[in-house]
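Labels for the chains are A, B and C, by order of writing; each one numbers its residues from 1.
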Amino acid sequence: MSADDSKMDSGGHARRWPWTRFLLPVYVFVIMLYTMVPIAVMIIYGFNQAPNRRLTFAWQGFTTEWYQHLFDIADLTSALVTSIEVAVISSIIAVILGVPAALALARRRFFGRRIMDLTIITNLTAPTVVVGASLLGFFVTISLARGIGTIIIAHVAVSVAVVIIIIQARLASMDESLEEAAQDLGASPWIAFWKVTGPLISPAIFSAFMLSFALSIDDYIITSFVNGQTLTFPLWVAGAVKVGIPPQVFVLGTLIFVVGVVIAAATLVLQSRSNRKLKAEMAPADDWHV
Amino acid sequence: MGRNFKKKVTPLLLTAPANFWLWAFFTIPLISILWLSLTTGNTLDGFTLTWNFGIYPDAVSQYSEQFGRSFLYGGISTALALIFMYPVAYWIAFRGGKYKAIFLFLLLLPFLVSFIIRILTWQFILADNGIVLSALKDIGLVSQNAHVLSTPFAVIAGLTYDNLPWMALPVYVALDGIKRDQIEAASDLYASGYQRFRTVILPLSAPGIYAGILLVGISSVGDFLSAQILGGPSTTMIGNIIQTQYVQNQNYPLASALSLVLMVALLAFVVLYGRFFGSKTLKEFAG
Amino acid sequence: MDPKRPENETAWMRGLTQPRLSRRQLVHGAAGFAVLTALGPALAACGVGGTKGTGSAEDVDWTAWWQEQNATKNLSFANWPLYIDTGGGGKHPSLEKFTKESGINVSYKPVIRDNAEVLLQDQPGPPAGDPIGYDIIVMSNGWELGQLIANRWLTPLDHSQLPNFKKYAGEVATRLAYDEDLEYSAVWQAGVTGIAYDPKLTGGEIDSVEALFDPKFKGKVGMLSDNDEVGSLGLLALGIDPATSTYDDWKKSAAKMKEQRDKGIVRQYYDNSYVKALQNGDVALTQAYSGDIFQSNNSGYPDLKFVVPKEGAMLWRDNSVIPLHAKNPVSALKWIDFYYKPENQAMIEDWINYISPVPDAQAIIRDELDDPTVADSPLVFPPQSMMDQLREYPLNYTPETQKQWAGLFDPIIQS
C-alpha cells in the first residue's frame, strides 16, 4: 500500500490537507478493523471447544469438531436450506417483475406513473416492522396459510422496489439514443432490449439480484410475522439465542461468509479484467486524487 | 394497431406485474391497518369499526418515551455510521487507486455475515465476562460490576454496526461518481483543501449521504432485534412495542395505530428531508 | 454425542428447541392468529368478528354425544417438539406401546413450534364443523386456554372413560383453577416458576423473593419478560395469594415491580435467555423455570440452585385438550388414560423431566428404569412440603381482566 501511496503522491497536487496524509489512512485502518471484529469473533469461536455444545465466551481450546458435525442439528440445516431457497426464488421473482417496470419507468410517461413512484418510495421508507405486521393481517384476512410461500411473497414485496430503483437508476444514467438507433435501424423494441439495453444493464441486474438476495437471507423482522411454521436461518438462531447458541451457527455463518467472499472475489477479478481491457482501449489517466 | 396506442399500453403492461405485487402485498395491507386501528373491541367479542380516532393521541402519549427513544437511538446510530463510513468511503474513492474495488469489498464484508449473527457477536464481545470487559476488569480500568449489555450503549452499538454497509455503499457510490474535472476546477478556485471539500465534494456527495441516512435511519428506528438481544429494562424501542402488541397482546387497534404513527413520522421526515436534498437522489445512489 | 449420558443431550436439545417461555408466548401468538382469521368476513361488515360463540357447542348433551362416538383406529396428536420420550431413530416408545396395546395408529406431529399457528389458524373452523385436524393438542394454562374454554371450542372430557386418570392423577392434575371441574384439561406436564441463583455471586443461600428486591444485587437481578410471571411475583412478595387476587392487588403489585425496576435492581427482563445470563454470570439471581435449572445442573452448571421461596412459587401446567369436532375423540381419551398409567408415565417422564402429573411413576423410574437422578429430583416429583408452597396464577383470563393485567405489567417490562 505504501508503494501505491507514493505513486499517487507523485501526482503533483501540492495542496493536500495535512490530515489526509496521515490521519485519514489511520482512521480508515481503525474503522476497517472495527468492521472486521465481529467477523473474526464468528470465525474464531467456531473453533472453540464447547463441552455443553453451546458457545461460551471463554476460550476452551481449539477443535474442528463443529466442522465435522456441521449438519448434526437437522432443524438448523433445514432452516438454512429454507433461507437459501427463499432468497433465490424471491430474488428471481423480484428481478422478473422489477426489470420491465424499471424500463417503463425510466423511458416512458404513462398513466399511473406518479402513483407507482410514490408507492416505491413509500415501500423503501416503510419500516420492516410495519410491513411485516400489515402483511400478517392481510394474509390472515385472505386465509392464506403462512409458510414458505408467504415468506417469499413478503420478501418479493420488499425487494421488487429495490430492484426497480437500481435498474431505473442505471437506465437513467444511460444514453437512450443507442436503443433508438437500434430501433431506427428496424429492430423491434424486443430485439433492441436483448441486443442493446439488456447487456448494458446486466451489471445492474446482477447487483439488484445480489442485493435482494442479501436482503432476503438476512431478514428477520418481516419473516417473523409471516413465517407460520416455517423457520429460516435467522429465525432459528434467534430462537436459539434464548438458551445458548450451538457452535454450528457460527460455523455455518463462517461457511456462508466464505462462499460470499469467493463469489464476490471472482466477480471482482472478472470485472477488473474487463476494466483493464477497457482501459487499454481508452487509456484514461485514472489515478488522480484530491 | 396504432403506434400511439402501443406506446400507451406497453408501459402499462410492463409495469402491471410489479404494480400488482406492490398493491396486493404492500399498499392494500398498509391501508387495511389504518382501518384496523380505528376499531375497538377485544379478541373474544370481536373488533368493530367505531372510528376511534382517539386511539392516536392515546397511543402517542402512552408510548411517547419509546417513540422518542427510537428516534434518538436511530439518530445517534445513523450519525455514527456516517461519521465512521464517510471518511472511509472518501479515502477509498479518492485514494484507493487501483485497489479501490478490493477496499470497497473489504468494507462491505459484514454484508456477508447474517444480520442475526452480527448482533450475536456483539453480545459476545460486550458480555460482562466477554473479551472486552473481562480484559478491562483485569487491568482494573472498570469496576467488577460494570456492564455494557442491557444498556443503551449496547443497543446503539448494535444498531450502528448493523447498518454500516448500508451507509458505506451509497456514500461511496456518490463520492466515486464525482468527476475529476469538477475537483480540478475547484482546486484552481480554492486555496485550501477544506474549502474544496466543503464547496465541491460535500455537496456533490450529498445524494449519497441522503440515501445512506434514509436507509440506515429508517431501519434503525424501526428495529427491535438489537434492543431485544442487547438491551435492558429501559431500552425498549417502538418496534418492540408494536411486536408485543401485535403478537402477544393481540391489541390490533393499538398495534396498528403505533405502526401507522411510526410510518407517518418517518415519511414526514423523508419528505422534509427531501425538500432540502431533493427526493430524486434516493434513486441516484443506486446507479 | 456421549452415549453414557443421553439425558443430558436430550435435555439440551429440548432446552434449545422449546424453551418454556417461548411456548407460553407462542400460544399467545396462536390465539392471535385465530382472531385475525376472523378478520376476513369482518372486513366486509366493517367489524372484526369476535370468537365468542363461533362454533361453540353450548347446547350439546355431551353424555349422549360420547355414547354415540365409536372407537376408531387413528389418533392425530399435536405436541411441542421434543416433549415426549424419544429413542433411537426418532421413535417414541410410549406411542409404540400405545399402538401395540390399543391397535390405534398415532400420527404424532410435534408441530407446535415457533408459533402454534397450525393448531389455531382455522380455529374459527368449528362453526362450519371443520375439524382442525388434530384429536389432541397440548396447551399451556393462560388466557389463551381460558379463551378456548370460554368459547367452548374444546370437547369436554368423558371422565367415565378415564379410569387411570381417576386413580393415578396427582394433585398437580386435579386442582386446576382455570378448569375447576376438569371439564376440558388433562395435564400433560407441569412446572414451577421460582428463583434460580448462583451461590458464588449471591454469597449465600436465597430463600425469599425479597432477595429479588434487595439493593445489594442492584443490576444483577433477572426477571422474566412474561407479564404473568412479573405480576405474580409482585403478589407473592406482598403476601397476596395470586389465585384470589383482585384488580386492586394487581395495582399494588405493579407499584412494587415498578419500584424494583426504577431502582435499577433489574438487569433485564429475559425470555428464556435468563438461563444463559445466569450461566454467564450476567445475573446473580433470577426468576426461573424449574426444568431449565434441572437441565443446567446436568449439563455443566452443577452449582446453580433453584429454590421455591418461602413466600411461594407459581405452578404452571401444559394440558392435553381435545379440540371441538376432533375426528377420533375416543382414541384421544384412550391416549390420555394410557399416559396416566404409572408405568407408561414413567417412560415419558424419565425423558421429559418436568413435573409429572402421576406421582406413582416415581417409584417405577427409580426402581425399574434405574434413574434415581430424575426420580429423586424434587423438581420432577415435588414432595408435599413443596407442593404446599406452590401457587396458582391469578384469574386474568377474560379479555377484560387480561387487558387490565397487561395494562399494568407490560409498561414495566417494556419501558
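Please note the rule applied: contacts are C-beta pairs under 8 Å (C-beta built on N, C-alpha and C of every residue); 3 or more make two chains touch, one makes a residue touch a chain.
Since this is a predicted model, take the numbers as computed values, not measurements.
Relative to subunit B, the chain whose mean Cα position lies farthest away is C.
Between A-C and B-C, more C-beta contact pairs are found at B-C. Between the CA-based centres of subunit A and subunit B the separation comes to 15 Å, rounded to the whole angstrom. The distance from the centre of subunit B to the centre of subunit C, with each centre set as the mean of the Cα atoms, comes to 39 Å. Annotation for subunit C: residues 36, 39, 43, 280 touch two or more other chains. Across the assembly, subunit A contributes 57, 136-137, 141, 241 as residues in contact with two or more other chains.
Each of the following residues of subunit B touches two or more other chains: 32, 36, 127, 129, 246-247, 252.
Against subunit A, the residues of subunit C that register as touching in their complex are 12, 15-17, 19, 21-22, 33, 36-37, 39-40, 43, 111, 113-115, 117-118, 121, 271-273, 275-276, 279-280, 292, 299-300.
Within the complex formed with subunit C, the subunit B residues making contact are 32, 35-36, 39, 41-49, 65-66, 127-129, 145, 147, 149-150, 231-234, 236, 240-241, 244, 246-252. Per the touch definition, subunit A reaches subunit C in the complex via residues 51-54, 56-57, 75, 136-137, 140-143, 145-146, 227-229, 231, 235, 239-244, 246.
Remark: subunit C residues 25, 28-29, 31-32, 34-36, 38-39, 42-43, 46-52, 147, 150-151, 219-220, 261, 266-269, 280-282, 398-400, 403, 406, 410, 413-415 touch subunit B in the complex. Interface residues of subunit A facing subunit B in the complex, by the touch rule stated above, are 1, 4-5, 7-8, 13, 15-17, 20, 24-25, 27-28, 31-32, 34-39, 41-42, 45, 55, 57-58, 96-98, 100-101, 103-105, 107-108, 110-113, 116, 119-131, 133-138, 141, 153-154, 156-157, 160-161, 164-166, 168-170, 172-173, 189, 204, 214, 217-221, 224-225, 233-234, 237-238, 241, 245, 249-250, 253, 256-257, 260-261, 264-265, 268, 271-272, 286-290.
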